[in-house]
Structures are given as structure tokens and as C-alpha cells.
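In what follows, chain A forms one complex with chain B and a second complex with chain C.
The block that comes next holds the complex of A and B.
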């Protein structure tokens, strides 16, 4: 007997059982559950259940739900920006002084100049950058995020945003995978497994990149502080910077809904499926577990990955910056050839070069740009905002337009290598992986080009 | 369980004593028994997994967080157990990926014991899954977790009545404070060793359906010999389960059956049996 014959026989038997057979089976299961539960569970006295419901009435209210969510987001970013500022400077100062000592030591030992350069001004400097720029914001952002997760806030976010996803033709649980994407887009892509329907899951995978991950926050925060924060009175600088980061996140959300809508009407056509989402009780977060999850599982994990990728990248940048041909370094040659295209996008050749080198990990975009700008020979301790402003604005002509276009490019461009690999692992399809990598890049080019052109046209 | 209590001689002998539980982390060496951890999302499965294995699988307060299968080990009373944390699901009847992972493991992974972690505050909904799992396998332990939250909500859950109703052992726990975990481990060990015999009470089936199942079972067994529970597969096929139909057509079902027969990882038990001869 072949499998097909077994199935045919089963179909024939099913027809003999009557049309409501399936319903009867499910109904009897539910009735049995109810009967047993009634015998086993007894309610006594008053409960504190009401408090949860009272909180939910505000948190998930049609009026207050969304504003409250945005406020929470802004507060989290503000705490991150304010808290990370000084530690970043201290760590930068410490690590860059180690670079000086190490380089001096190599010279004293008679090491060849290229070795000192490669190890200390290439690999070490890039490590120092990544650690000082990324560690403090992550060490603040991840615990805050984990507290919200442990409290049980994330499912409420999904509840608040469900109608928007539904309108876009996507799944409401996409809000949860987006939330995971704030930490790391690769983790966000994996977490789409909670979405049952393959169509909606693909939408969630393809759009996860529009949530800026932790590797991109330092770039956004730096630009927010340099350009937006500097334009307002010093007392408001951090609030304005946090506001600009929230604005970028909102633009990302708009893109998520727009692209989901577009996909649901073109290549991934279909209706949004209904689902039940349990709103768990609010639970008191456990401090030790939050520290462990956020610092070891998340911060250390992401930082380690960044460090492992930035070390070889640092070597590559140093080599590009130190092999000279016809009067300029290789990096300068490449940057110069990319420059016209970069200018059209409101950026420049160095920024594009940095994004090419940073394909394995977004974290190293800023260090790469700075290293190419300052040249390998020059010692730079760009730990402070003043130093950054000198390099970017005074020496290399960055304007507000550059900052806006870079923020948009950082938000929209292709996912990092790890995320692309994860998309491949989850979809097992070269076509979807290619779309997941190239579609955001196309949007990044298009949007920055339009913004830059509009700005120039308006003068 | 306080340290003082654990040190008295009575406690060392008591089956619920905590002294004999030893987390083995993610040691993947040979093990004696295989235990699956199933349950609705957000019932504290991962907390129980972590407490038993000493691992730190990510715990979070949102349903659907555990999307992959986590594995770890613990030893109790000198016997080693491998614990597999399955994705949380509300049922095994619909056709999502996580439900398929869970039910394939319960059916083909041939666990020596399947622990169903239940949320004491919403027991009725959790019972749907427990009832479905006892249809697939006899060797089930019910772990009624979040007893503290149930108390906070003014609910009293009588686990002895629950055990009697379903015909399988039930243990009350609070994973966060590790209360009741000693008893849980002792019960798991008892079921694995066959000291505790489960007699699941399955709802009676009407005559017409019983007849259809009886016709279908030998056919399924001829197509996929060695299937652990052809009766359950027959029910699912009659229900028109798409994933199962596809698995049967593509031969995946037979592949899963032949894979479960390969006793690669259970070297520990094989050696133990040989040693006993």
C-alpha cells in the first residue's frame, strides 16, 4: 500500500464521520479541560489580579498606549545617551593610551615599522574604538530593555501595534521580533519563528533590518549629539539627541509598515492571519537574572562578535591606508572613486568605503571612517565630542545634510553579514536572502538620494 | 528548602530531598534517561530547565521566547538525565513550526518521560495541551508551576485531584524559588525507571470513530513500520492534519522512525543493560 492510498482511505473515512467531526473533537477536548479545571481549581478570597488589569487599562489603552510606548522608548534612549557619555570617554582615553605605550614598546624593541602600525594603529585602534563606542551604551541599554521584557511589557507593545500590522497585511507578533531586533537583527530574524504563517514570517524577516540594532545605535547617538544636540542649549543636548534617535526609530517603523504593506500586496500576497496573544501577568523582575541576561548573554555576546570582526577589519583598514600608489593610499584611491556616488547620496566616498568594510558588522563603521579620515600616521584620540567635531565638521566638511543622510543610510542600508547569514539559515532560499540584503540597500540609496537632491534644490 | 533541612539524615533518604540533584550543564555525554519539557508558552519552562540543569537559557516574560530546542543535563541519585526544553505551544493540533518541533520530539524522540509544565493561574487552558500530550505518550509528569502567582490571585490548585483526573503524577512547583523541584525530579526519575506507572485517562471515543481508527492503524503501520503511536497518527490523519499528511507522503515519517531507532546517544543505558546481564 502506498502512502497516497493510506491518505485517500483516510479521506474517505473522514467523509463517513460527518462534517462536524473535527469540531466535535475539539469541543470535547475543551469540555474535558473545563470539567477537570472546575474540579481542581478553587477560588478563595480577594485577589491582586485587579491591579494588573488596572495597569493594562492604561498601558494598552487606545489613547494612552502608543504615546506611553514612545515616551518609554525616549526615556530609555535618554538614559543610555546620558549614562554612556562619560564612560565612553574614559574607556577611549585608557585604551588609546595603551596604544601609545604599546607602539613605543614595539619601537624600543626594534620591531619593524609596518608591524607596529599593523598591530597597534590598525588592529588595536579599531578594537579600542569599537569597545569604547559600543560597550557603555550597550551596558546601559540592554539592562533597561531586559527589565521591560521581564516585566511583561513586550506583549503589550505587540497588542498596541497589532492593528497597524494588520492593516499592512502582516502578523501582529512582528512587533515582538522587531523588539528583539533592537538588540541584534540576527536575533530578531530568529525570533520570527513565533509567527506561524510562512508568508507573514517572511515579511517579518525581510523587514527586521529597519529596526536599528545595537551595532548601529552608537552611530545614531554620535550623530544626534554632534548635530542635533549641538544646535540646542547645552542643558537640552541629551534630550534633543535622544529625541533624534527616537525620530530615526520612528522612521524605521514607518518603513517597516510601508515595506510590509508593499510585500503583502506584491510578492507575499495574502491576508493577515488571526492569532491569540497572551498578555502575561506583570512580574517583578529579578535583579540578578536581568544583570546576567543583559550583561553576559547580550552585551558580552554582541561585543565579542564586534571585537572579533573589528580586529581583522582594523588590519585591512591599516593596510589600505598605508599602501601607497601614485601619491595616495589605496583607501584614498577607493574613497575618491566612490566619492561622486557618495556625494549624490549626501554622503562621501569615505563613508561608503566604511560601509563596504563594515559589511561583516555595522559596529565598525565609525572607527573605519575616522581612521580613513585621519590617516594611519596621525594619532587621534577622538574620545570626546570636540575632537569628533574637529575631524568631521572642520576637517572634512560634514554638514547637517551629511548627518541626516548618514542617519537614514545607517537605518535603511543592507543588514550585516551575520544577519544575512541568519536569513539564509531561516529561509534556506537564495532568492529571499538576496531580497533581504538588497531591498534595504536599494531603499537606502533611493531615500538618501531623494533627501540630498531635495536639500540641494532647496538650497 | 533550607540548608539545615537538607542536612538531616531523614531528608537525605526522602525522595524529595534536594541533596541528590546535581546539575550537569550542557554536558552532552552519555545519559541514562531522556526527558522532554513541554508546556504552554510563558509558563516558566525555561526557568525549570535552568534550575535543573544549571544552565542559563534566556528567560523572559513573553510567550514564544524559546524558539529553539535547548538541551541540558542533570543527575539525580547517581542516574543521569538529558533534558530537552521544547518550544512552548498552546496545542499540538494546528500546524505551526514550533508545534511540529514539539510533537515530533514527543512522538519520535521517544523520551522516557515528558514533563508538561502548566501555569497554575490558567489551568484550564493549559489542560488542553496536557490532554493532547497524554494521547501521544503514557509517560507524563504534570508540573503545575507558578503556584505563588495562583495564590496571589486567590486560586487554590489541588494537584492530587489533577493527578487522579488525568491518571499521571502531578507536582506543584514555584520555579523561581525552586520550591517543589526536589519532588519533581524524584517523580521524573520514578516514571523513567518505571517505579511510577502512568495510566493516562483518555476520553472515550465514539464507535464510528473507533472503527475508522482501527481500519487505518494497520495501513499506517505498513507504510511506516515501527511508528511509536500509529493510533495517534490515525486520529491526526482523520482530522486532516496537513503537516502529517505531507510527512507521510514525502517519507519523512519513515525517516523519523528510523532515526529514533538509532541508539547513538543512549550509550549510557546500553552499557548499563549489558553490565546487568
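The block that comes next holds the complex of A and C.
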């Protein structure tokens, strides 16, 4: 027989197999493995109802399942926020003192002023800012999250919440990639790999941005304290501030479900879909594995990518703040030209400029804004809330509306550069990357514009 | 000077907008017109092929009717097709040339494979697959079709029961009779449901009849045909019965008594898997099989969420969650003993 005849013959035979060929194959594989297992695996005792099943009854119970889940999530957040405060300060102090030393060294060596500025006050400062804000929360959040994952609890969360996601055309495991997104959206996008159905995975990738990551949380908390907290009696201030942050997170969740629903019915209609979710047995977490996955795989990975992408941003910021033309810095010129558009969204030109510059990393939004407002030549932070209020409210006319619109914009706007890059790496598709970047931006413009217009119309 | 420069820029921009290769408005508009022209040509070829396979002569009238073209446009289309050597027409009679016939078979293959893909992988409702495939058939390349065919496991029939042409273009016509020609008492299998006219097709689907289903004819009269599907008596009008093609089958495929869908299995009640719905195919079916839900496997419903959906089942020692809209396609037979808690 010639090779072609063999192929033709094989083709002929294949057509005789019938539609249930795959069924029969899988069935025979399972039968064979069952037969082998029955011969070589010995079971001691017949424990029909073990500890795992007892725990499962509780964590998925109609009464305790959801409250338990919320409680665990709250505890993880609390530990992260409280625990990250001090290390953040230490790292910031260390890195900023290196900046001072480095700049002094450059000056002593007689380097030109612009070089010192670009390298130390531009690139280094941006790196220092991103690392000090980003590293401690991630180094706490990811290990905690990995413990829950290793225990086997997270699949139960996906199981409990699947009904909600099902209604939106998404997968219950999206709850996990969303939770991961609180740590970092880029890590959230990577974590969608656990979703094995193409359509639901894309939904999870494209909507992960609606969960505010820890680069955006400081901004939200600052605004909540400064504006929402200040708008109510002092006794209720902290409650109102916390409430406003929770409200923003809830709005994010609503958007996640709404956009998932929309995507499943429009652009993603042509993608195949199937639900599977295994609930593995509970296990004792292994410390080494947790440290490895959370610190090397997640934290270091995300940090490295953020550093690579925010260094050039530092250079751009310094150049914009230090090149002057007709009496104002380039940054001020750009901000002024963006101002009308910013006003229409309830924001202003400086805020929009800060968001454009901060596409690489959201951590530097507020420092960049303050740089332009105060006319300083580098990113700065305010000494206290009082000083911040003076700069924003008294000198630049921020109102409650500005704060609300900024919170919404911060929640909904395009993902940061790191996340966009990650979306591309995960999907390898320019189309989905563009959609993932531009769709949230469109929603951000639309929502802030509507809120600002409504507020102005109502007075 | 500035005015002149800006005018120049404006003009340049306008020219670019209109004539930029590929992206300009004019090239885009031309590409769209070419695509549409190709689609009409291909639809025409398909019509001619399907008529000749049925042994009916295609005429200018039948072609104009099927493509919804005016007489003037039809003449232009025929001239274009003839110039390309796809057809040969003589005094009202149109004949496919070898080139045209090969192209027509490719289009039919694209159409039917895409219908199979929509039904199996995307679980598109049967009444919608035809119109979607009508659009997709003109955009699928040869390579994509071959890949699709392999991915779908080299299917022989489209979801209506029509044969899918092989890559070399050959079509194995199915041997079948109309249901309206069957006698009372005959045991049959539905092999094909005609998808045109659409209103009849929808009526047939609404009755729950699908290709692959086994039936017994109870009555057959000039007014109506009554069939038994193992659970229900179905009454079909004569036009409906004439649009269903069947062949003789050895017996009704009835599930054993006491078989229930998995989503209705009481908690902690062990059961044996009987089968997965034959219609539940593609990725979704493969996933169920991969989880070990093969015939004769034992399954126990162990957990349910606060919302009642999904539920978690123990299969072959592992706990897997299934949504109710998946579990309802798995048929099980409850066993005697219950699990002790």
C-alpha cells in the first residue's frame, strides 16, 4: 500500500466509528483504571462519612456558608491593611533616603542638574513609590490568600457563589480571580487560568479591572476620609469613610456582573463554554509551597513587571514637571488643555493628566497630582490630611462631587500597564487586549460624565 | 502661510481617509462589495448543487426566488458566473461546470460543518443554526474547515441530518423515506428534518422531534400521522410528516423505568449513571465524561449551595460540582441503599 492509500483507508475506517466513539473510549479507559485500582489499592476500614464531609456541610450550608465567607474575606483585608502600614513606611523611608544620598553623590561628582533630576527624582523616585506602596500589601495578601487556596477552601467559595456568576454568564471560579484582583489585577488576570472554559475565562480576564487593586485602594481611602468622612459629624466620620470605600467595591462588583452579562451575550457569544469545578479534599497547607507560590510566583513576578513599566514613567513625569515654556511647566500646559474635558467628567485637567501618566502604575496617581498642583519638580506627598485638604479643597476647588467622580473614575478606568501587558500575555490577542483596556475607560468616561451632569443639573 | 499649510494638511488627511490602502473608506467599501458579490455567487452555486442533488432542474426562476434577486440583477449574476466558467446556461436551463460544482460542494461543507459546530460546541438552539451558518459559510477558509472537522470528530451529518461533504467533495446521500409514507406499527428512526419552510421546521422542533430519535408509528391516515416516542403520543399534520425523513429501526430506544435526570436525584441517594443525553454534545459532554460520569459509574449528590444550584456530587471518589442545566442531561437510576451520615 502506498502512504496515500493507507491514509485514505484510515479515513474510511474513521468514518465508520460513529458519533459515540469518544464516549466508548472514555468509558473503557475508566473501566480499565477501575479494574486496576480494585486489584492494587487496598482500603483500610470503610469510613463512609469523614471530617472533610462534615466541614463541607458547614462551609456550604445555606445559613453559615455566605457569612463565613464574608468574615474570612474581611479578616484577610484587615490583616493586610493593618499589617502593611509600617513596612510601607520603613521601605519608603529607606528608598527615599537612598534618593537623597544618590542625588548628593551625583552633585558632588559634578553631574549636570538635569541628569541628577532625571535619574534620582524621576526614575528612582517613581520606583521607590511603586515598591513601597505595592510590596508590603502584596507580601501579606498573597500568602494569606495562598493559605486559603492550599487548604482547599477557595473552591468552596467558587461553589457557593457560582449561582450568581451563572446568572451573569460567568464561572464561579471568577470569584477567586476577583479576590486575587484585590491584591493586584495583573495577578488576578493570571489566576483566571484556573477557569478551563474559554468563554468564561475571557469574561473573567476582561472584567477583573473592576475590582480595585491595592494600588488604587490608598486613593480610595484618602478620598473617603477627606471628603465623605468630612461631610458627616465627626463621630460618624470613620464609619462613613469606610462605608464609602465599601460602596465603591460594591459598585465594582455590580459592574463586574453587568459587564460579564453583557459580554456573554454580545462579543463572546461565539466562544465555547462548559462548567467544571472540582472540590478537592482539604489539606494541611505546606509552608514552603505557600512561600514559593505567593512570594516568587505572585509578588516578585508582579513587582518586577511593575518596576520595569514604571521606571520610564518616572522619567516622563520628571521631564513634564521640569521643562518650562512661557512661564509654566509642560505638565501645567497639558493639564490646562485637558481641563475642559476633565470638568465635563466632574474632574479637572490635572487629574486626567495624572491618570494618563500613571497608566504604567496606579500608585503614582496622587503623588503626580500633587506635583502639578504644588508646582514642585518631582512627585510629592502631603505631610498630613490637613495639608492635603488645603491643597485640594482650598487651593484647587475640589468638592464632594470631585471626590465621588474621582472614586468612580479610579474604580472603572483602564487597567494599568502591567495588567494590560498581562492580558496580552494571557490571551495573545490584540483584540481582547484592546477591549480589556478601552471598554473600562469608556465606562469610566460615561459614568463620571453622567454623575457630574446629574449633580450639576440637580444643583 | 499658516492657512495654506493647514489646508494642505486637511486635504492630505482627507485623501488618506478616503484612499489609504486597506484602511481607507474607498478600499474598504470595495472590499465589502467584493465580499457581498462573492457571497451571492456562492449562494447561487449552492442552490444549483442542492437542486441537482435532489434531481430537480434549477431554473432562473428558482434561483431568483432563492436568492431574492430582481430579474436584472439575476442576469448580471449569471453572466458573471458564466464568465468565470462556473456555470453554463442554455435557454432557461442552468448547469454547473466542474469548477462551479467543486466550489458549491465546499460551501455546502462549510455550511453543514458550521451548523454542527454551533449545535455541539456552542449549544445554539436548532432553529437558529441555519441562519447563522448562512452567514459564516462564506468566511471560512479551507484550512479552518479541515481543523474544525477534525475538532468535531469528523461528523457525518449536520444537526438536521443532512450529510456533510468530505474534504474531497463527495457526498453520501442518505437513504430515507418520508414519515408520511410509513405504516401504522412501523418502528423508525428520524434521520433528517427539513429546515425549510421555516414555520414547519419550528413546529416540528416544538413537538420535540430531532434527528436520531426513535419512534413507533401508531396511526397513519391522509390527514395526520400519530407517533409514540416512548413517553408521549405526538400528532403530526401531513405537511409536517412529509418534512421528516426516517428509516426503519430495530426498536425504540427507551430508558429503563425509574431513570431520572441527575439534578432531581435526592441528596445522599446513590445512583448509577445510565447515559448522557445523546443530544448533549461537544465540549460540555466531553467534560462530563472526563469527570468520570460514564455509564455504570456510581454517583451520590452530597452538597448543594445556598441557592440550590450548582450541587456537588461524589463520582469515583472525588467531589465535583455540576450546574443543574448540566446535570439534567445525565440520566441515572437510583439504587436501593442510602448513605449513612
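A few points about this structure:
Basically, the second predicted complex is superposed on the first by the 269 of 459 C-alpha atoms of A that agree within 3 Å, B and C clash if a C-alpha of one lies under 4 Å from a C-alpha of the other, contacts with A are read in each partner's own complex, and residues count from 1 in each chain.
Criterion: a residue touches a chain if its C-beta (ideal position, glycine included) is under 8 Å from a C-beta of that chain, and two chains touch if they have at least 3 such contacts.
Bear in mind that the values here come from a model prediction, so they are computed numbers and not experimental data.
Among chain B and chain C, the chain that touches a larger number of residues in chain A is B.
When both complexes are overlaid on chain A, the residue A:431 reaches neither chain B nor chain C. Contact with chain C, but none with chain B, is seen for A:272 once the two complexes are overlaid on the shared chain. In the superposition on chain A, contact is made by A:297 with chain B only, not with chain C. Residue contacts after overlaying the shared chain place A:26 against chain B and chain C alike. After overlaying the two complexes on the shared chain, residue contacts for A:39 are found with chain B alone; chain C is out of touch. By the touch criterion stated above, A:162 is placed in contact with chain C alone, chain B being left untouched.
In the superposed model, A:14 makes contact with both chain B and chain C. Within the superposed three-chain model, A:57 lies in touch with chain C and out of touch with chain B [touch as defined at top].
Of the two partner chains, chain B is the only one touched by A:149; chain C is not.
Across the superposed pair, chain B and chain C both touch chain A at residues 14, 21-22, 26, 30, 34, 48-49, 276-278, 280-281.
Across the complex, chain A is touched by residues 121-122, 153-156, 276, 278, 281-287, 289-292, 294-295, 297, 302-310, 312, 316, 318-323, 326, 339-341 of chain C.
Chain A contributes residues 14-15, 19-23, 26-27, 30-31, 34, 48-49, 53, 56-57, 60-62, 65-66, 159-160, 162-164, 166, 172, 197, 269-281 to its touches with chain C in the complex.
Chain B contributes residues 41-42, 56, 58-65, 67-68, 87, 90, 93-98, 121, 123-125, 127-128, 131-132, 149, 152-159, 161-162, 165-166, 176, 203, 208-209, 212, 215-216, 219-220, 222-223, 234, 237-240, 245, 248-249, 251 to its touches with chain A in the complex. If you check the complex, the residues on chain A that touch chain B are 1-7, 9-11, 13-14, 16-17, 21-22, 25-26, 28-30, 32-34, 36-37, 39-49, 146, 149-152, 154-155, 173, 176, 190-191, 193-194, 196, 276-278, 280-281, 283, 286, 289, 292-293, 296-297.
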